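Below you'll find the structure, written out as structure tokens, and then a few comments.
Per-chain residue numbering starts at 1, and chain names A, B and C are given in the order in which the chains are listed.
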Amino acid sequence: MSNIYSPNMARVVEIINETSDVKSFRFEFIDQEVYKNFAWKAGQFLILSVFGVGEATFTFANPQTRRQFVECSIRKVGLVTEAIHELEVGDTVGIRGPYGNWFPFEEFKAKNLLFVAGGIGIAALRSPIEYSLDTRGDYDKITILYGARSPMDICYKDKIVRWQDSSNVDVTLTVDRGNDEWKHRVGLVPIILKEMNPAAENTVAIICGPPTMIKFTLKALSELGFTDDNIVTTLEMKMKCGLGKCGRCNIENLYICKDGPVFYYSKLKNLPEEY
Amino acid sequence: MSKTLQETARNLLAENKVEVIIGYAQGYDAFHTRPVFISNVEDVSKLIINEYCTNNLSVYLPIHKKLKVGIVTAKEQDLASIHELINEHQILEENVIIIEAAKQISSLSSELGEAQRDRGIDEEDGRQEAWKKRGYDMAVEEFEKLSAKERETFWDKEFERCIRCYACRQVCPVCYCPDCFVNRTMPKYLNEAVDMNKNKLFSLVRMLHVFGRCMDCRACNNACPVGIPLRLLTKKIAKDALELFGYVSGQGQEHPFSTFEKDELLEEIR
Amino acid sequence: MLFVLLLQPTTYNLQQKFSVNLLLLGMSIMEYTITTNNLRSLINDLLKEHIVYAPKLVSANTVLYKTIVSFDEYDSTALMTNTSAKSMIYPQTNRLFEFAKTTDGMVLKEDEEVKKSIIFGCRPCDAKGFSLLDNLFDWKGYRDESYFSRRDKTTIISISCTAPQSTCFCNSFEDWGATSKVGSDLLLIPMGDKYLVEVVTEKGKKITEDGKYFEPATERDAAIKQEIEQSVAELMPKKLKLGEIKENLDTAFESPYWDRVHLPCLKCNLCTFVCPTCYCFDISECPKGYSNGERNRTWDSCMSEQFTKMAGGVNPRSDSKRRFRQRVMHKFRYHVDNFNEYLCTGCGRCIKYCPVGIDIRRVLEGAK
């Protein structure tokens, strides 16, 4: 394809219902050659087309170490995601990418990793979590805190069980409002985070979630002694091209789709709050 | 005239009767004015009123509905738009103080508004003839004589050059919907591709939406960067409102579309 | 012969990307003259193998670039077209590909080769717009063929202006003026019944190669050209101090200035659509029937609410102030940081056509 906007054809091979409005889709490229050259890193994103409806941007849910297929977890929020939710196994979609930067794991070596995810933010953190589990020897302690609105809204239930079984990984789950069967924590992510009281020393916090959660989590992390250059987050912004051209993800001289979406908070906090 | 206006504005601000005055100031040259927002007494000297005051400032009222606003009107249609916005419950009557320059200036501005539209017509006199031939000056009666096919051809040619910048919609006092049908995605009524049919669909649907509410203030016509004669449409809908329903917009009559009764069902509709 | 170096170093490299700039090769600018009658013959000749776009009167006071079928359709009287020449190479609706569901699955079909075309009667400010777009569309490792396929096949024959309007401010840009050549392949400077022709690029040279319509320029022509440049410069409205403005903008993001200056702006897309440099776009679907359709790239505008609004409803630039500030900042600060050039050519269309008379010059001068 000569055109940078032309997607490659892929097929839906598996659909997993995560929650009432989130599904995970596994795709396989129709042309195996395309797949061979399609190398992504945890943190990058792709642009998915439903022909006749349009394109939308999603992060890779699986890391480069688990590349049997391309997986995205998608919440139904608008026109394109609604069409994606109606897809069935065998349907054709278009995929272009990978785009954007990735989590700087080379800088995380020998450090403790603290993942904090809120809501659908877990979809963006699953690939770095699984990547770190797959390269476990490179890091010290791994802690995961994941909060959702209710037990019904927890994604990746099976995977979380496997994460918990991994050695030296501490997983904490919390919901805003629990029910009788809920055996984990109840409370907002920033509050639980403070209760957990993770050591800030030699630790990188990797966070993703809705704006309000991010705001208070940053505050909590700062109180726990985390410095801004030890906090990494990934931004969600409206993007169309993924190529640093269409202009909508422009903040100062940055194009989030090219210069992001992964940022150290030390860099992010100097940008105007237009994300 | 500007001096009296400035004095009025100064008093309104000084006595705290309004928080802001929306008026006209000198534009980029002597033939152009621009809307200006004045909230400091020191700035009232910026206010002017002359025959180049062609914007309909009432478009700003719904945006600033929470403020006490003093608004300058330069023509009768501007005044009518304000009444229409009050009738449509978009603004509160008690929040608006009208500084009416309309009476003094209306006769001037209705003619000169068209000169303003050409933006520098003095430099380009030669085009006047072509202007008339193109149908901009086509009276509604003349337009009505055209067959349906001829009308279609006429508008196809005009809307072919529309760039869908939506300036016509944004400057329209009664196009205040926060969620215009062209921007909706679920369902999607109009996609982003710009072609004659979609352009026409947008403009004609807009005309239906403003039927009986349009004051024929020419704001849309003046705003169009590619000179589409929208005025012909606004005149036509005003004429239809009068002939079909005996309705004149902005006069406080009940809107014909909100007073429908079953016996009114016309033969033609069945 | 004149040896004038009017271009800034940064612009050189950019120009070089798509066509060899003769200035760079150390050659002098080749200059010819062409009579008005010969120009007519030249354009009519070129029409045989090219699509020719030129300013054309389409309605009273509306002059737009349109495909012409003969030189006589060209409107030489208008200073400026209502919309810029941008759309001749970067169309408002640009089909990226068609898709169709077949028995072999979904098949994409990209557009066939574009035809050779000429933009005739382009003003230098519009031509410069293309040089700015060139940089953007070949940036960050992605070269946009849907743009360059047209760009490479288009020859731009500009005609310099002699009578600037009150909205013009092209002279505010460094080394820039009514007879500047950036983005043009050939530049024609009107001199009564003839034009002085400056060859800027290889593409331009091709047009003059035939030779039958051109005559070498004389010393006298060069002197007249200087006079013209001088007289146009005198007619130009005042210059903006762009260096100072950029410095002010660097620290003005949080300034209360933006709280008021945006107030008249009604957030239509007009200024960005008539602009020769605004490039932001959307990618949208145009379904045709159940299983066919096309995907388009369509102009979009930072002025529109939908521009940054996410599907879930969150919008980082939801209010009028933020969007107004973004346009100004992007053109005169952010873009300068990335490309070392302003995203503006001073054509003044955004001032001339703004329905509420917002003057970008005034906005910039007040920013602190």
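One rule holds in what follows: contacts are C-beta pairs under 8 Å (C-beta built on N, C-alpha and C of every residue); 3 or more make two chains touch, one makes a residue touch a chain.
This one's a predicted model, so the numbers in the text were calculated from it and none came from an experiment.
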item	value
Chain whose Cα mean lies nearest the overall Cα mean	C
Chain pair showing more contacts of the two, A-C and A-B	A-C
Distance between chain centroids, defined by C-alpha means - chain B, chain C (Å)	31
Chain A-chain C separation of Cα centroids, rounded to whole Å	40
Chain centre separation (chain A, chain B; CA means) in Å	48
Residues of chain C engaged with two or more neighbouring chains	282, 284-285, 300
Residue numbers of chain A (touch at least two other chains)	78-79
Residue list for chain B, restricted to those that touch at least two other chains	none
Chain C residues touching chain A - in the complex, by the definition given at the top	96-97, 99, 101, 105-106, 108, 110, 136-137, 139-140, 142-146, 253-254, 279-285, 287, 290-291, 293, 295, 297, 300, 302, 307-312, 314, 316-317, 322, 326, 330, 334-335, 337-338
Touch list for chain B against partner chain A, complex	185-186, 188
Chain A - residues contacting chain C, complex	1-7, 9, 30, 49, 51-56, 77-81, 92, 94, 211, 236-238, 240-241, 243-250, 252-253, 255, 258, 272-275
Residue ranges of chain B in contact with chain C within the complex	27-29, 32-37, 55, 59-60, 118-121, 123-124, 126-128, 130-132, 134, 136, 158, 161, 163-167, 169-171, 183, 191-195, 219, 222-223, 225-229
Complex contacts: residues of chain C adjacent to chain B	57-62, 64, 77-78, 82-83, 92-93, 165-167, 260, 263-264, 266-270, 273-274, 282, 284-286, 296, 298-301, 304-306, 349, 351-353, 355-359, 361-362
